[in-house]
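Each in structure tokens, the structures are laid out below.
Next, two complexes with subunit A in common: one pairs it with subunit B, the other with subunit C.
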Partner chain A sequence: MQVIHDIEITTTSVLLDGKTIAVEQTGDKLLVELYRRYAGDYPKFFKMDTLSRLGFIAAELLLKQSAISDQQLVDAVILANRSASIKNDTDYLATITEGNYYPSPALFVYTLPNIVTGEIAIRHHIQGETSFYILNSPEQLKPIVASTLTAKHSTALVGWCECSKQDNFYAKMQLIWRN
Partner chain B sequence: MEKLIEQLKAQIIEALNFEDMTPADIDTDAPLFGEGLGLDSIDALELIMLMDREYGIKLSDPKAGKAVFQSVRTMAEYIQANRTK
Partner chain C sequence: MVYCIGHNIISPLGEGSQANVQAVRAGRSGLKLHADRFADVEPFCASLFDTPQEFVPLCVRSVEDALEMAIGRLPLAIGSLPETIFILSTTKGDNLDLLTPAQTIAQHFGNPNPPIVVSNACTSGVCAQITAKRLLDAGMYRHAIVIGCDLQTRFIVSGFQSFKALSPEPCRPFSPDRQGLNLGEAAAAIIYSSQKPEVRDQPSWILEAGSIHNDANHLSAPSRTGEGAYRCLTDVMAGVTPADIDLIGVHGTGTLYNDDMETIAIERAGLQDVKKSILKPFFGHTMGAAGIVETIIGLEMLGKGSFIKMLSGFGGVNAAIRLTCK
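This part shows the complex of A and B:
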């Protein structure tokens, strides 16, 4: 496997291909700052939960680094984390607590962690494999990626995409190529 | 009615998380779905919840919903005629 591009996003920093991207905001507002700077043409971003925003922005920055032809060749999106969609699940639960029974459909649709892979696939017209695994550590994802990406000369967005609570997230994603 | 329309626009922006939008950006008579605001089916559910939560209106007839959600003005007119709170 060859890493074409990689990105690391924390609540206070962004590292793209080893170079720091200067940012002004922190926490959830950092993702909005990155959206406005690097995307800006996809209003559905504002309807996404934090986990989806995180994966969406990471994918956006990774694929912007690539030539357009690379984007057309992305065959799979394979992500993982430890906390599934717990932050959004908690937000949704708050809408159905006793005495306040107004369940939010917009929150409900994000009560699955694999929605982030779908959002990325829709945005970039990726029609191949998409999957999201709940694992204890990023290391456990490597054999899964190796067994999924079996075809030579195939490209995939892979990595760790974690959001356990508000203003607490971490992503380390890569655009990889199987040579 | 105008006061209700402005209040409704603000509630729609908050319910649908239109962070870049102000009430002035919403055309009172523009279609809510398809063209205009371009809302989808999940947004429709949010609007149904909004009418229940804020105005005590339970919209259970899908045929009625199509007419009610034509625009912000049709929503406001329905709310004014049917609100229980």
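This part shows the complex of A and C:
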């Protein structure tokens, strides 16, 4: 397994292929800053929950680093985290409090962690596998990825994509190639 | 080779795979109208346990029963072995916590490995079986205990109602006048092993192939051309022909878009003449459990032959597996 590009996004920093990208904002606003700087052409971004924004931006930066031919080869998106979609679940719960019951379909759609893999697939026209796992640690994802990437799956976006509450997220994702 | 060596279903229709198969054969349905189950929620039709269940004890009971069946076929109690992995398929877990219940279940059986939770929306139960097959084929584990469970909550029902996805009556999948889906509750377990069972009584089902594809089209509506489902079907059909397939367990939720999409995908894959099994009118949509429940019923209904189970879900994801028993 060979790492083509890797990215780490915290609430205060972005590290792409080992190089720091200077940013002005922190927390949720950092993701909006990155969107404006590196995407900007996909207003659907603003409908997304933080987990999807995080995965979307990480994928955007990883694939921007690649030649277009690499992008067309991506045929699996395999992500994991510890706390599923708990941040957005909590936001949805706030719309169904007793005595103030107005369930929001716009929030409910994001109450599944695999939605972020769907957002990435739609953005980059990836019709291969999308999978989401809930694990205790990023290490646990490695054997799962290794057993998923057969000869058929040669290139994949994989990694950890976590958002447990507002202004609290962490992504470490890679574009990898099985050679 | 990955052999199915044990399984169990606990649903409102009964306790044990056989009890559930008999209920389906007798045409019994768990679907009922529920008016007072959750505060503020409009009345809804679903298959719910009469007594609200606790997530972990329900899963443990399901695994214990599946293990009982497996112990007759393998010489060892496999739950506690380091070469056994627990894989849980669920969408909302135990009150929105997905990992802790999986850990508690694995610990209950004395298993030393951190469990894996598969959360791939409605396809999770089929995806979890694919994960099991991959880890066993790669030789990382020898046995996989795959559990599927979801219990209905105010959270889930209110969300599906906000989507206007629920049918006010028992669902009618593939009918022109279908009005939507019904939710359901169940726990199910299926045990896979790369160790050939010491069987004298009957041959074993083998998990031959599995495939997952995204439509890359829309988060909450399937592709009009059934692209992801079609690709899954062609993948699991590699090396066999439609005439080799005895039964396809479709998703058949009863929503307008899902059923149309499945019809298109099945026709594109040349499988339109294969017999279909549609189980939502009996169990409702049991979410994380659906892929396991509907696989077990399919295998038990057939007895032997070749079976495909397919599912589709939110996030544009589709999955299919093929099992054979000769």
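Just so we're on the same page, the second predicted complex is superposed on the first by the 177 of 179 C-alpha atoms of A that agree within 3 Å, B and C clash if a C-alpha of one lies under 4 Å from a C-alpha of the other, contacts with A are read in each partner's own complex, and residues count from 1 in each chain.
Basically, contacts are C-beta pairs under 8 Å (C-beta built on N, C-alpha and C of every residue); 3 or more make two chains touch, one makes a residue touch a chain.
Values in this document were obtained by computation on a predicted structure and should not be read as measured data.
When the two structures are aligned on the shared chain, A:Ile126 is found in touch with subunit C, with no touch to subunit B. In the superposed model, A:Pro105 makes contact with both subunit B and subunit C.
Once the two complexes are overlaid on the shared chain, A:Gly18 sits clear of subunit B and of subunit C alike. Residues 103-105, 109 of subunit A are contacted both by subunit B in one complex and by subunit C in the other. Across the complex, subunit C is touched by residues 77, 82-84, 86, 89, 92-93, 96, 98, 101, 103-105, 108-109, 111-115, 117-119, 121-122, 124-137, 140, 143-144, 146-148 of subunit A. Only residues 32, 43, 46-47, 102-106, 109 of subunit A touch subunit B when the two sit together in their complex. Those residues of subunit B whose C-beta lies close enough to touch subunit A in the complex are 16-20, 42-43, 45-46, 49, 52-53. Listed in rising order, the residues of subunit C touching subunit A in the complex are 39-40, 91-93, 96-99, 102-103, 114, 116-121, 127, 131, 134-135, 137-138, 140, 154-155, 158-159, 161-163, 211-220, 227-228, 231, 313-317.
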